[in-house]
Amino acid sequence: MNGAGTPRIGRTAWAVAEGYIPSQSTGSGRALESHEAICLLNAGQADAHVTITLYFADRDPAGPYRVTVGARRTLHLRFNDLRDPEPVPRDTDYASLILSDEPIVVQHTRLDSRQSALALLSTVAYSQD
Amino acid sequence: MNGAGTPRIGRTAWAVAEGYIPSQSTGSGRALESHEAICLLNAGQADAHVTITLYFADRDPAGPYRVTVGARRTLHLRFNDLRDPEPVPRDTDYASLILSDEPIVVQHTRLDSRQSALALLSTVAYSQD
Amino acid sequence: MNGAGTPRIGRTAWAVAEGYIPSQSTGSGRALESHEAICLLNAGQADAHVTITLYFADRDPAGPYRVTVGARRTLHLRFNDLRDPEPVPRDTDYASLILSDEPIVVQHTRLDSRQSALALLSTVAYSQD
Amino acid sequence: MNGAGTPRIGRTAWAVAEGYIPSQSTGSGRALESHEAICLLNAGQADAHVTITLYFADRDPAGPYRVTVGARRTLHLRFNDLRDPEPVPRDTDYASLILSDEPIVVQHTRLDSRQSALALLSTVAYSQD
């Protein structure tokens, strides 16, 4: 499969209004630790330079956080892992805005293992150009 | 980060066809109490004045409920907490219509802790201008 | 609240590609019985006449099933309850197409209580006019 | 129901940015085995020829995988079952791009039974023409 037939799929502005990282987990290991993630797909032929801004209920936004999604690659990014310019507070409501210089697709997922069994949610984010 | 580069993201009319607040919870504390919420993101430079109307199976709509989402802020609003003009009945099917005077993004989430482990659902709401 | 200000929100064609009703439940009572549902919101001033067609992997479609969603009402319809022209088979993959003569909003939900704790999924359906 | 009234519903390009097949399950039997699936609905009068490409974090894409969704049929396809040209690696982040020569609707679902109770997620995929 070469790139000639790859469609230019995706958009450049995405928003996830829900955000919450529980501070507690019952699962063992990284895979089952409570986390929030955005999955980014760049099906195109050029690297996508992405900035993420976080919004809160009662303070100014944080960011921008910067990541690159390589051409023809996916990046599953945990908000838990963001450090620069500041970590994401736990047990705190937030929302996120994701802007890219190339078309991408963004899906939001949370794995919650606060109780004895895990819970999952996922939704394609809101998008526009 | 100043506001100059903030895109005008979102729409002014949103609908969530699913709604149901269980009257029972097994989780302890507010975080794990069964609840339904809408997460609203206002990434713009002006406060958003939002009205929510609730629809039922067999009675006239309730509302409007009024909330403000500040500029560059997110509001995670639990239907459980709505009081004025009337509380949301438990164990009852409802749907909601959310109208805003500024573009916003709306995501719907339910945490259900009726049984011994919690369950989660989330989806970006239906939107149009 | 009178109808003068009600926006004409929604679309007339909706599709849910996922469908599966487990034959087993561990929850007690109708609320916790495993079920698949579509939540329909008609925020408009006229009753919506809706037809549902079910698609399967290896047989011709079933339907149309007919329901009415009253003006300014919501209907949370369980596929489990459909009887005419035929019940929905359990433990069988299906998909559904929902057509309406008035704009509506459709959200898909499954509550699964096959195991000791319930699981939930929900997503706004695919729509077009 | 004959095909004369069938609307041409769906789109020809779909993307699912989230993908992850856990290698572990606690559920017994195929129904409760951890799996990721895409549900494809072809409500039209012609067979849909579909190609699926998988994207990864740190290697070139895999595929195309080829499936046919018959006219007026649904196909609930587990990524777990894909074999040709290669199986989908477990415990590995991936994303998928689904292209069709006829309009289809695609919904993404994961059933996760790693822990003692199952968890579900589902969302309509991102689409464009």
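A, B, C and D label the chains in the order they appear, each numbered from 1.
We take it that contacts are C-beta pairs under 8 Å (C-beta built on N, C-alpha and C of every residue); 3 or more make two chains touch, one makes a residue touch a chain.
Quick caveat: nothing in here was measured; it's all calculated off a predicted structure.
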Fewest touch steps from subunit A to subunit D?
1
Could the interface between the copies subunit B and subunit C be described as same, meaning over half of its residue numbers are common to both, or is it different?
different
So which chain is farthest from subunit B, going by the mean of the CA atoms in each chain?
D
Subunit B and subunit D have mean C-alpha positions lying a whole-number Å distance apart equal to 30
Rounded Å distance between subunit A and subunit B, as computed from the means of their C-alpha atoms:
21
Residues of subunit B touching 2+ other chains?
116-117, 119-124
Which bits of subunit D are touching subunit A when the two form their complex?
13, 15-20, 22, 53, 55-58, 60-61, 63-64, 91, 93-95, 97, 99, 108, 110, 112, 114-117, 119-126, 128
Interface with subunit A, subunit B side, in the complex: residues 1, 7, 9-10, 27, 31-32, 39-43, 72-76, 105-107, 109, 113, 116-124, 127
